[in-house]
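Working notes, structure below.
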């Protein structure tokens, strides 16, 4: 409470001194408010999953085109990936927009659980707002460039397939982030925060074994069991746990564990993920995993194939960037809610799990970076190894909402979500004004980026070949 | 060749002394030959799998009815199980007829691989002939009872679902074999043989574990992994292998090994079979398995459910019965093949695997019983613990044919199969004449049966409740 | 160096205000310096291991008696445990003195590796200085009580068997710490520090399995393998690692893994330790371990016995106490070394591992408490759950010395060790002056103690019965 | 019954016609009876274990020398191995004599358990009689050669270390059996039998892993656990059990399973034996074991060393030889016992385990060879792959005596043992008369030997270098 009023006081002091360009972007977002809400709501109702976001990508890219952006579609051979650019020359500031949904989470914008379309996908991670807000912020900057008040290039990235398949990693592999000076993104949350928390790096493998069938009762000695190998691999990985750092996580399931008991399985496979707070830490365990897989195959007398499905880097945060963002969040001011919205938050949380913690529109102080992040990974991490990344969290749901649940879907489709989306658009656009105007700031941000990155050389963790675009 | 001509000589000597009733059943089968071939071919073309043999059961039961049998359908709550009976009073002699096919084995009656219906089932175990021959033998006996030349009851059992689900065990549990004096059956083979070889007893379990999900990266310590339990169970079973008798076989697959790596699996299951040359040996290992499953659950802090899918007893052979059968096989004489049939056998075996061993219609001597059978199990085993069972093997395919393959399907649909089927019908019906006529023989057979069974008390190894009849 | 001079400056400022009682204890230690050094050196040369410290306990307890303390020997049925007390009434301030050595570390007080007695024990953890310094501090306080300048009771605890067997836990179980107001201790180190770092809680079990022998080739099915159970237990513990918090450590060895391959082992045992940053965390894993041991026994069909060898609580630190201690350390001032001592430190470290980091006599600022301590455990932890504990680290060896090595032994037997020992005696005695004089301080320390302890109820983690005193 | 009476008839017929040379060897053994009993009793009282049989080897070799044999000592670099030879030229007939005892089995020659020397070794396998009887038979043949009644060479092999270390394999590697025509041996038993039963082939390995220590609580991620590798190896071997033939046996113990839990073990080892009914079958599993050991090392990131301690071939029996032996056993006639001996047998068996089966001195018919022998292995197997081997079993203990027990020790030191020893000497010497006299017989025996050996090429399964002679 004390802290909150302190910040409010700070905001109060700053409000009078809003610079003209910042005033302009705030006005722009107000001007386009209905359009942005409409974009968010359309994407919310489309609720398309990874690499299938055809309608969602279309409404966003079409809008960008209408607003005067140059639009490039089918980026990195992904039909739903696109880039919308305006202006020319340096600096080039990027902003990311996600728009994919989660399977099975369809839900109406109401306080009781009820799917919009039974069995369909839903925006349980709020990406409908993500794309719209980022695009709104880009449009506001574009108008300043168009009017000659800012110089350089604004580039909006329509980035599909965050929830699965790692869309941005394919885009990064194609080099589309290489010439950026700085990049921004945000994520729906239950706290307003200039993010200083990294995410987990991860690799995702399918380890498959190939042996030789035999009748399990008549001549099991003529078989080489791929299932034995899969189990020995798993056992080996569990023994490895003693020798991994506390920040590492290893988890797996059996994708193929044999067909029928009376046949020695000639095929078996384990789907395994390895995470750590840093890519470098993941690599250490990844190498051990490969040896364990080879050892298991050798033990069972079978062949092994280790297929890298994909991998994500941890998020490199940037304190200089976060502080700039934080100041602009203060400038924008906290989100306030109506009685109806507060009641909605209360009701929906009680409907979900019995307990409500309200909804908190205040602006949180920047957190100390914890060395070991919670169990989340994001493909923004890969972008953050190519270009300095500034990440905003903006409130679109009640405090302590269960993420990836119907609660988040419901709130993302009504005014609570809309407010968070507009707060994000404003915070990001005012921050971009600073970034365009202040070369020293850009240099400081990049300097910190280089220090944090250190000697790590980014390399897309992807299988060779085209992205896994599903066939229609 | 030498052996063959030797037996032919023997047969030549015996032919003059065919008793009148035996002559009658041989004539009957000749009379009904076309009908029996037609029945076999119809069932062959229906090729229906376990508990779905509606058309097959219909043609066989309808034919029995036409021949004057009293027919009871939907025996033991299985729609495709039926009993066809004629006569009254003692002795009651039973004969089994199977008619289910194997999934995926559809094949034309030709020497090159080509499915009749792509993806459909096929008679890779020759049960189309099994049902027809047994019914033909029963009809021949019925005619003798009708004419007053034999006294007692002949009973044909239409026994579905041998390949899967253990149809006869459900019928046995319902008590339908209890009042039989003696039972006969036969099986398609590549050798003509009065069978003295037992089969393996087996139990079939699904061991399922139920734990508690948690995010595998964020708070794996709040999860209880059902997959861990499944793996620990499997490991425990592999350690048990040191302490089982050489005749025991244990084999398993993972039916459910988790969904996605980032969720601690709250469900997992292992499908496991335990076999031994005797039911009593299986029981010992079954008890250990239950302790291992409980121990694994305790280790992982989860719950366990052990579901008995079904279990089969080993086949109790009967030397007295086998010798009677053998004598009648000699009476019937070996199967002879035309040049075309010999060429068909040769061509199809070469098409299958490159090597042909011809086709052998001779009658083999009775084999010494090996203590440990090869890896096969049959639900005839359960019947053999209720009533003395006499089993014939009759040639329906080239020597060393790969069973459960398209080769067996093809031969079962043309003259090679027809000849074996008729040989079986003749051998079984002449044997039944002996059984009806000779009370002392029946007593000797039962005495041996009691000795072999010893103290073992038969109990259906089935889950409680109705048979697993699939919904249409 | 900069830091060092900075602290010297600070010390310079404080020196003028040394209160009379503090001046008295500092003088007392100077007066007894030779005796204390002599005590330390005698115990160093005795180098007796856990519960065998007869000579060491004798010289220390005899000295206390000579100084006028009332001495109670054979405390808690441990022949080498003793309590030396002076004064009467409240407050009662305790101070701990350890004096046991480590097996196999015998070493001369020189810069090259050379055992004093080949194969004998050595003071690789510096406990020879520990006992002498604490006793010196107690004597200094005793003199103030004797002269009426302080009121209350000073009590020195001669605490054997810290390196092994957990001597203090037996003493704590006997209740000898129950009436203390506050307790102090110190530990030799390579940093001068008022300790704010907890230690790991630990439990130490021997898990033994008992099965049934059989000839491993002739009839392995008649055996029940205790070794199988031990291995399944170990496997279960490794699978558990996924589900433990990152702060937990589990480690084990096989104490008995069978005798000869051709006999199914009827006995096998695993020696296992479980650690966590808190006793409460250890308990969670301990319960799981018991289930896993039972599950393993059930799997292998054997019996299990889980013997608790001992267990230690984590150290409850006390910030109020640490700050008081820190202020007195500043009062005493940093340790300064002669050229010869600096050269000794340099030479011995290079002789050990090639690299020297000098020796650092400065006084370090109080550290932030890390949530997860490094891999150390101490039986002082148990005392710290009964009475507020204040712990000093004092330099007795070169910076980054490898603990439990001959380097620490060598330095503990010459002037570097003596200086650290005297620094400890001075810092502890001046701190005790504050504790005797300042009731409010004592109350604040206890209040913090109660908060940190929370609801945890201390209970000795020991097997029932007498301490494991080795037979001579 | 038929077979037995047949043999009885044969015996009845043959007794009158004992040929002169056979009469001579029977007389010789009678003449030397006291000396032979004395040799047996001396070795019994020495009771020296493998490669430490100094006194036993001395009395036997000295006696041979006294009898006129040329004696070579320290054969194959084993101080207690010797060869005693007489005569010259072909044929060369060998006879084996063992004389090593078993640790811990010391026992007086009485019916209640009481060690002669507490903790000392005892002749629980009856090798004291083995050496004496074989030598007695050799002396009898020597006398015939000396008198010109037989031509050729008789060679007695003093073969130490059968119970452990495989003494004969070292001798065989040195080539000392290569020029033999035929070899004989016998073994104390509870049945008189011309042996047609093979033994198990076996390999004995120590699989050692070498990793890297680390503090198990502070930085387990810096360690590479040799114990993990040992456990993974063991797990891999247990998974292999599904895929071995029923005749294979695998058993192991942990020789080194780590020292103390808080140190990641850098060393660990498993002692493992693999057996099968044939060496060729062992080889298959041995190769898999090597892959599993390598795989386990790869999994744990450690090094592996696989040390072959030794290995034994299965015994190649010889039916032609066994029939010759059997005929001579019939000639010698069954062993008869006094009332006192029958009572001794009865009492000692009841004292041991409560049940007595008497003592059976009759001559058993030749058994059908079982494909899978019980769990025994012998280094006579290696000899039997170099030269045709004929093996006698002679009764030296009550029926169903527990071998390797004090019962066998006791009986081997009194008249029951002496009688069996003399029966063996007589049966072996008369058989050797046939072998010397009958070239056709020798050819037939060798022909059968070549057929049974087939393509297997004998190769000593031993580590390189000298035999493991223990240091005194």
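Think of it as A, B, C and D in the order they're written, each chain with its own count starting at 1.
Heads up, the rule we're going with is that a contact is a pair of C-beta atoms (placed from the backbone, for glycine too) under 8 Å apart; a residue touches a chain by one contact, two chains touch by 3 or more.
If you're wondering where the values come from, they're calculated on a predicted model, not measured in any experiment.
Student: Go through the assembly and pull out the chains touching chain A as well as chain C.
Tutor: Expected: B, D.
Student: Looking at CA centres, what chain is most distant from chain C?
Tutor: Between chain C and the rest, the longest centre separation is with B.
Student: How far is the middle of chain B from the middle of chain D, if each middle is the mean of its Cα atoms, in Å?
Tutor: Roughly 49 Å separates the two chain centres.
Student: So what's the Cα centroid distance for chain A and chain D, whole Å?
Tutor: Those two chain centres are 73 Å apart.
Student: Centroid of chain C to centroid of chain D, CA atoms only: how many Å?
Tutor: 58
Student: Multi-chain contacts only, two chains or more: what residues does chain A have there?
Tutor: Chain A, residues with two or more chain partners: 216, 220, 231, 235, 239, 242, 251, 264.
Student: Which of the residues in chain B end up touching chain A in this complex?
Tutor: Of all residues in chain B, those touching chain A are 200, 204, 215-220, 227, 231, 234-235, 249, 251-255, 257-262, 264-265, 271-273, 275, 374-377.
Student: Sort out for me which residues of chain C touch chain A in the complex.
Tutor: 235, 238-239, 241-242, 246-247, 250-251, 372
Student: Which part of chain A faces chain D closely enough to touch in the complex?
Tutor: 216, 220-221, 223-225, 228, 231-232, 235-236, 239-240, 242-245, 264, 288, 291-292, 294-301
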